[in-house]
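In the two complexes that follow, subunit A is the common piece, with subunit B as its partner first and subunit C second.
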Partner chain A sequence: MTENTSMSKLNSYQNHKSKEEMKHQVITFALMIIFTLIAFYAVAVDMDKIFVIPLILILAIVQVGFQFYYFMHMKDKGHELVALLIFGGIWVAAVAILTFTTIIWW
Partner chain B sequence: MSQEHTLDPNNLPKDPAKSTLEGKHKFLGLWFFLGGETVLFSCFFATYLALKNSTAGGPTSQDLFGLELVFIMTILLLTSSLTSVYAIYHMKNYDFKKMQLWFGITALLGLAFLGFEIYEFYHYITDYGFTFRSSAFGSAFYTLVGFHGGHVVFGLSWLIALMVRNARRGITLKNASKFNTFSLYWHFIDVVWVFIFTVVYLMGMVS
Partner chain C sequence: MSIASTQQKGFWAILWDYLTTVDHKKLGNMYIAAGAFFFVLGGIEALVIRIQLAKPENDFISAGLYNEMITMHGTTMIFFAAMPILIGFMNAIMPLQIGARDVAFPFLNSLGFWLFLFGGIMLNLSWFLGGAPDAGWTAYAPLSIQSPGHGMDFYILGLQLSGAGTLMGGINFLVTIVTMRAPGMTYMRMPLFTWTTFVASILILFAFPALTVGLFLLMFDRLFGSAFFDVALGGNSVIWQHLFWIFGHPEVYILILPAFGIFSEIIPVFSRKRLFGYTSMVFATFLIAFLGFMVWAHHMFAVGLGPTANAIFAVGTMAIAVPTGIKIFNWLATLWGGSITINSAMLWSLGFIPSFTIGGMTGVMLGATTADYQYHDTYFVIAHFHYVIVGGVVFGILAGLHYWWPKLFGKVLNEAMGKIAFWFFFIGFHLTFFIQHFLGLMGMPRRYWVFLEGQGLDTGNMISTVGAFLMGIGSLVFIINVVYTTVKGEKAGNDPWGDGRSLEWSISSPPKEYNFKQLPLVRGLDPYWIEKMEGNKKMTPAQPVNDIHMPNGSILPLIMTIGFFIASFGFIYQVDNNLWLIALFGGMAIALGSMLARSLVDDYGYHIHKEDLEKEVD
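For the complex of A and B:
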């Protein structure tokens, strides 16, 4: 009997924790939608190119960070190897894009 | 069935997707794959950036792209990312019906996205004569965006196969990791789309 009680207590703690997590996920989603709206708005109103391009790129990078860390749980424990794999990929990606945009210009 | 795949209702693992060794391996394997996908897509992005102005007298990005369609597609794919988060939330609570429901919504949103993408390509080809062979810009555009669309097709097939195959099984420690790896893959498709709508469409419309 006591075992059951402690079990249900543990479960209610788990439920509380995952509810809390779900709330964070919904906030993350709302922020992602807001970022998307800002990016589209900045392009729609035809602001200065020098200002718009860095702005939408930064918004995209932050949005992808939310996706990785909240939706894909990279903020949780036990994701060290995962981070190594994905940042390895991002490093190669950065080098490839740098190469193609600087060496090829015709 | 082996011991580790039997569920004890009084002692359910906190995270069914990673409670077995096989599940842990699937999880890590998928992330390994996503690291490779990052490299693959970055090469397509790099090619696109290098060739986006090589239009060979054909239509340019400013002639082609429209904000409304891309905006609808973006909202559809972003929302499908959230619905798959809900599905995984219900999986961790061992609520199979709700998980299936939210994955079902995810599949519908993905299908709607795909419908819009097919319409978009059809529109470019018939109204502008803009094809894969029009110019270097055309080749780079269809390779990048089309490959992303191909990932959506693959993801949808994967999801539908999982849902049908496990329809009568409920959540087990064997299939929980499969649903979880699918949802990670689906989020990654959304990550790629965020860069596509920013780099290809929005930057293509800024004059």
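For the complex of A and C:
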């Protein structure tokens, strides 16, 4: 009897969790579409380059973040190592690109 | 399966077994055997170099052949001797240390081995096909672009093949360690050799792509008329140096970190103490790996990057001395107050500490930019990197061979011969390379075919050559030891040293093909030691005896590799004759065809049944 109630509690807890999860997914998905629309719009209305390029880059970075953390579940537990490796790789690439852009190409 | 293996098998059956095996222990042994073969080749090349430099203006070999010798010596030793032997250890030992039954991707593991082996064969075939590569193991452009003949093409494609294999190995080890640890084996309970395997694999994952890109660009310049590195056509030859060293510096840590891991296993066992500062050892390993990616330009101080860039890279370089120092002190503190047994494995470890420290010290000297303008491209550099590579990596390999030989092959190497080999090699090593510091400071440049008389370089070079031959004798004694042990050695028990701490010593030597009949329950750092201290003879099992799922062997990795091998020849020779395109496309067809076969045909492996397992003694 007690077992049963705790099971149903657990179930409702999980239901709640997956509902939350679903909500997050939908929100991020909507946001990503909006971001994309903004990017297209900014280019379409011929805004100043100085403004458009950083804007698009920032939107892109946020979208990558959404992709990693929400769609690929990096925000969930047990993904610390994956995060370490991804950020390690980003770091290595960034240092190399920084060097190339500062002392070789320009 | 294991019952069949106790029956006598014919030669062909055994050969087939090895060609198709996906067992990590067999592949580990194959890596070590092939690496040892290339080590002998590289050693012979080293002796030829030293004979040529024994006296002033010697004409033992021609200038062109000398260039081929130094290139092949460096390339062979780094890519086909040191690295494969270490990967062999990782393969054979790491899964045992974490209580796994195999690596995560056994098929990929076998593919990685064959790619490495055929890459090495490809490179060395150049000797018979019109001349070996001769632009140095660093293959600097524009020399490597202008080098006539096909030598450099063999270098490019040979390294490309074996590099792909190494990358696969690295990914495989990462996934294995992340997903296949036994119950209770948390990260902070992993033995140091497993940790260094893990970190070296991360380095492989991030560093090798830079080499792959560089080699592709070089290949396009040489074979398809592009001009990435050709200044006359708007290219930039310095980019090659960057790409090479973005790979090259992490590469030296890929070599030394596993060796550090080996010493961190041996020293506690033969001091009968747990490793001092385990946590700081793990931390230092990560720190070295992290810093290792930010220092590559210390190989390029003399290129003219400008004072700001040089200063930044110099600071990074010197910073690496800190985590390395942490490790040295931890080993010393482990020895401190321990009850120390000095056998061959321990001799190599004790010899390593001062030798490697000298190499680290000259490294910091070289890291001082302004001073490096004086040292660069002299024998001082040669002395430095041999102190770290031979005094660190080669000593580590030999220590590891003595330590794990019983686990790998079931027999203990002869101690007397082990010690003789050590002393010959150790004395020879210091004779060869210590004097080279001074030769370098006196201005003797590296990679020169001859030196002149009467410049004070004669005696030093002679001493160096004598030392090299002593190392040769030491290596010979070791090889004799291996043959002797194989024929006459006694069978080793599970824990031949009596003081084994990690899981590999809790199972038979050599282990059964499934390693652990029941996965062990890990209750702390040094799990086997903990059980022994509580009076248990065996690990506490974490599961009942059950059917064990095993992967099937496969010949496909070998066929795939042969396909790529043939295609590589096609790439090289299509510039001479279009008919070679047949080899290119044919080889690719074989390789891609076997990939297709692998993807379409399901292979579920097989089970070793509970009833058979219960019959086995352990």
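Of note:
Here is the rule we use: the second predicted complex is superposed on the first by the 93 of 106 C-alpha atoms of A that agree within 3 Å, B and C clash if a C-alpha of one lies under 4 Å from a C-alpha of the other, contacts with A are read in each partner's own complex, and residues count from 1 in each chain.
Basically, a residue touches a chain if its C-beta (ideal position, glycine included) is under 8 Å from a C-beta of that chain, and two chains touch if they have at least 3 such contacts.
Please read these numbers as outputs of a predicted model, since none were measured by experiment.
More residues of subunit A lie in touch with B than with the remaining chain of the pair subunit B and subunit C.
By the touch criterion defined above, A:Ile53 lies against subunit B but remains apart from subunit C after alignment on the C-alpha atoms of chain A. In the superposed pair of complexes, A:Val45 makes contact with neither subunit B nor subunit C.
Contact with subunit B, but none with subunit C, is seen for A:Thr36 once the two complexes are overlaid on the shared chain. Of the two partner chains placed by superposition, subunit B and subunit C are both touched by A:Thr99.
Once the two complexes are laid over each other on the shared chain, residue contacts for A:Leu81 go to subunit B and to subunit C alike.
The intersection of subunit A residues touching subunit B with those touching subunit C, taken from the two complexes, comprises 81, 85, 88-89, 92, 96, 99-100, 104. Of all residues in subunit C, only 174, 178, 202, 205-206, 210, 236, 238-239, 242, 246, 290, 293-294, 297, 305-306, 309 touch subunit A in the complex they form. Within the complex formed with subunit C, the subunit A residues making contact are 81, 85, 88-89, 91-92, 95-96, 99-100, 102-104. Only residues 10-11, 14, 28, 31-32, 34-39, 41-43, 45-47, 49-51, 67, 71, 74-75, 78, 81-82, 85-86, 89, 92-93, 184, 187-188, 190-191, 194-195, 197-199, 202-203, 205-207 of subunit B touch subunit A when the two sit together in their complex. Taken in their complex, subunit A has these residues touching subunit B: 4, 7, 14-15, 18, 21-22, 25-26, 29, 32-33, 36, 39-40, 43-44, 46, 49, 52-53, 56-57, 59-60, 63-64, 67-68, 71-72, 81-82, 85-86, 88-90, 92-94, 96-97, 99-101, 104-105.
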